[in-house]
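Below you'll find a set of structures to go through.
Two complexes are shown next, each including subunit A; its partner changes from subunit B in the first to subunit C in the second.
Moving on, here comes the complex of A and B:
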């Protein structure tokens, strides 16, 4: 008996569904990088976009673009193009685009935006696609890229904070906080200042980055992973050290980062705590500056790190191509090149510095050694709330600097406000 | 038939409804209903449609969406999902002492902007209305601050208030006002003042130019008659000039109020609402909630507060204007 038309339609539908399902499964399994770093599988031909604030950096942008061009030339299927996003609003712009179902395929995020995007389901989980052991990813920073049990990225750049010092103003690197304070005072004379850091509300994010080093360096942290510890004695101790330097009049008060960084490259600032990315900037702005970098001389060997993962946008239509680029970038040869591009920053895997780099910047190993003790500038366990907690903490710290309250009271208030924010 | 050959009755009705307005045309035709130029009663609607469509699409729809958002919990990271929370956003912002401080700061900022810009603008307009050598050049120069882009103005102001080498900081110190080592913009007592000075400096030319044009409408025969009657300058200003300027000043004051309520770039670039929230106005708070805290619902609630304040100002000014007209 011939099949009735409705039966035929149903049978065809089942067949079509099966085909689609099988196709999807096949698509998953044949994902080139789904094989944990196996670069042999081929992605579908596609043009994908990458957004990275590094691309807009006059010092490092062109070199990164060159590396991307190298990937494009290495195969015919995938073409990576830069997405132009203005730096000052980079995170906001990308998050807004992603929230609206759009955005670049690949993004180099800073940690607060990474946490926000990951906890909102805007990033593609990569735990089944990246094999950390096989790729030899450095575990210290890598552990921060797992949110709620899912890996959402791999390290693109890990920039440790160190103490930059002008050897003409500070001949010997201080090794204790007292020496640090004394060196700052000694170097403050005429139009030169011993130290510089951010201390205005207009640079809230920068102040947060700066005070992070003081808090960590004195043994504190904003949380223990499950509970906020903003008012803990160690946090207050670190912030009091920050305030002590502010009150010592050894910094150009009111000067923003752009100004005091220009002053540093002009030889008018003795010391500055900054991340590894700053090396390229200083060296390119004033090649004759007699400077070096050492470990921040605070009691505890722990400091902030500007950790920046590369992630895949969950809205990307070419996830296999995205993964292919990520896997290519994680190969040892590319990691060495990426590290050269990024200057003094570390990358996802252990790499050897070139002889030329070491000769030019002999202090690089000192910065690299800090990778395991670097802490990304988020509130651990409360990553998505970091911008709000940052606002609360920075506002209260600045009120203390202005003499409106003491640091203990400031952090008590910040603790309460932050607890209200996170609902704990 | 053109407007002109409809007869002089229409054209001499000034200062009543203008000749070209519907009221003017109706009066001019002694109440007779005029046929449209093209003969179709739909023609006016046809010409109004683009503007009406624009208003609906770009004003009304976003406004309604904002109203709806303000009653929901919506985040920037997932704007397609909203949970209805009733008035919770409004309750939470009004329960927050920082928001009450923001409202107060906004009130102070707006009032100072309006009083400062209208007061100084009126002074400049009166000066420019007088006769003196180089008046055309002065009239051109005075518009420069208004023509300067807001971002450039903010960046230059930051530079001028720089605690180390800013010329305004040095000037303050020279007259005995010490803003402290961290400078004016980082001093909670002085930061709002610095922003106000910058804002008013930028607004004054606009007010001055508008009032200067209004001053041209002051009937000289009335001024001369008052002079003949022995009236002094102040009396002439109060009895003649002020009466002519009043409607324009009212309009300018409303404009200044609304513009000041929504001014963002100058404050954001100069202080980002700091130090310690001393320059945090409604718009800065709205931006911070939407793009830093990523809470679109709360940001929309703050926006609604701003809209309500604007409406109060507009309706209030209309009522005052109507009462004044009745009195006259």
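Moving on, here comes the complex of A and C:
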């Protein structure tokens, strides 16, 4: 029998832990390559690889590939080729390859994997190669890319989480949690569901992204920066809200993200909390879907942000070529194009949205306004432990959803396990 | 007489139910592959395939990508099977028929290898493979998969050889047969069913293997189908029909190999009966 996705994810989580450990050892002997600080120097001729889960998306992948092709056509020295790594095991596979001394030259990581790779010495320090002021990098998200005093990447995509709603099923955007719950219940009829979110261990990273919004939205956080606060009343309150929706039978239970996102574009899901990158996908999959995006209607105006940096593998043999591509991508013209590719996401530098985009998606400014209150999906102060803490928290939350324990007890257990992990 | 007929009917129904349970997922994959988007999540499921949409299979094969994945999977699975059986037979024979120092330790070591999940070994194995330049190659994957299938194959074959009476070996030796002759002429035909079963296990294990394949191979042209199928799952979008179509194609060669090996299971059993 083929290995089930859940088995694969479990298995790869274990190997990712080992690979990061191996990477830590490798990192002890690695040192930053000589930095010139001269981004305009010509690189040596090379073919480099880039791994980005976005490249595998039917909606955004071809457009991103087109942008890469543009770079390849713009000069004769460097050729960028996509590395093919399936999305379900993307982070774990890349971390293992990098920990073993290989891996793609450039990687677009999500924050938990970025933190793990950076603190394990798997990424090339870029502080002497990227001039943030000269490039006009947006400081808010950019600050998260410095770990232990070293810059390890630049923002590729910064995507705020908003509430997507199908206006045929949910005519008016709810503005409070009670309205949100009621709207979900009202829209659940026939073959349609009012809401969808991830709720299985096989999608551990996705569940983490989803519950992040509930925890922040009810005033909680996983830590105060120095101490874990997983069992704090506000965190539990947010997770109880998540559980309330699960128990209300307003979601397609058991459906994974691939399935319920297809259902959303088919008009069978009323609401979904997702990041700005989803706009391009929905619009390209079903141009006729009558949807909009609004702020997540939870008590506190704070939500998760999918911050995805582009980084250079410390094992890359063509670091100058890697940097050449990154610098090209950070130029204003390319940033505008990248933002168009990524949909409602922001990029590394301030860019104006085109009039055509604003006309097509009038809700874009509402999503952009959330940048100030967006929080990257890491445990603040414990970034490198995020994948491990994520595993502990998600496991306990899902056990609570399945009725094996109440949410208070679940978070007490998670707090203790997480404290053991971080040694505090 | 009547109760005997009822018993046969009950058994027949039970077999059909079990057969239905086994085949239904395959049938469901076929139906889903042919279901249009608008019916995928309908309140009532389409139970019959829409044969006008058979083109989805042609589309899946059109750019040659899926064909290449399947070919790579076949090379890996066939190579792993050949290597596992080729090494497993002498190993099983030695463990069954010879007494040597450390024999118990060898048996325990074989069992011990089965207690370690692939995920635990993938990192050290990655380092070893990198050292010997075995990454990003099909022969590297064959070696990695064989490391996992060989112990199982050897233990199955040892058990099968244990079941062959030693009198047959001794009779062959009296007639001047060397150990290798005894193995190839006397024992192998008698353990053909077990060999075929072991081959099926090795083939399926390598055919479905994912962790090594996704980690050790970077070149798209060398990816096997297990990784290829996973690549249809996108961050924001997944083509369910394409996945089902390719997954169905993915199962067919494995089923074909099983049917091929099954003949040897039956013929081996017969051979054993005659010689016994």
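We take it that the second predicted complex is superposed on the first by the 384 of 424 C-alpha atoms of A that agree within 3 Å, B and C clash if a C-alpha of one lies under 4 Å from a C-alpha of the other, contacts with A are read in each partner's own complex, and residues count from 1 in each chain.
Heads up, the rule we're going with is that a contact is a pair of C-beta atoms (placed from the backbone, for glycine too) under 8 Å apart; a residue touches a chain by one contact, two chains touch by 3 or more.
Computed from a predicted model, the values in this text were never measured in an experiment.
Chemist: After lining up the shared chain so the two structures overlap, which partner does A:204 touch, if you call subunit B first and subunit C second: first, second, both or neither?
Modeler: In the superposed model, A:204 contacts subunit B only, not subunit C.
Chemist: Given the touch rule stated above, what does A:277 touch, subunit B (first), subunit C (second), both, or neither?
Modeler: Second partner only.
Chemist: Applying the touch criterion given at the start, work out whether A:85 contacts subunit B, subunit C, both or neither, answering first, second, both or neither.
Modeler: second
Chemist: In the overlaid three-chain picture, which partner chain does A:258 touch, first (subunit B) or second (subunit C), both, or neither?
Modeler: Only subunit C; A:258 stays clear of subunit B.
Chemist: According to the stated criteria, A:99 is in contact with first (subunit B), second (subunit C), both, or neither; which is it?
Modeler: both
Chemist: Going by the touch definition up top, name the partner, subunit B or subunit C, that contacts more of subunit A.
Modeler: The partner that reaches more residues of subunit A in the superposed model: C.
Chemist: Pick one for A:49: touches subunit B only (first), subunit C only (second), both, or neither.
Modeler: Only subunit C; A:49 stays clear of subunit B.
Chemist: Which parts of subunit A are touched by subunit B and by subunit C alike?
Modeler: 96, 99-101, 259
Chemist: Show which residues of subunit A lie in contact with subunit B when the two form their complex.
Modeler: 92, 95-96, 98-101, 116-117, 120-122, 199-202, 204, 249, 252-255, 259, 387-388, 391, 395, 398-399, 401-402, 404
Chemist: Under the definition above, what is the set of subunit A residues touching subunit C in their complex?
Modeler: 1-3, 8, 10-15, 18-19, 22, 49, 53-54, 56-61, 83-89, 93, 96-97, 99-102, 104, 190-191, 258-259, 261-263, 266, 268, 277-278, 281, 285
Chemist: For subunit B, which residues are in contact with subunit A within the complex?
Modeler: 75-80, 162-164, 180-183, 185-188, 270-277, 288, 291-294
Chemist: If you look only at subunit C, which of its residues touch subunit A in the complex?
Modeler: 37-38, 40-43, 117-120, 122-123, 126-127, 130, 135, 208, 210-211, 214-215, 218, 220, 223, 226-227, 230-231, 233-240
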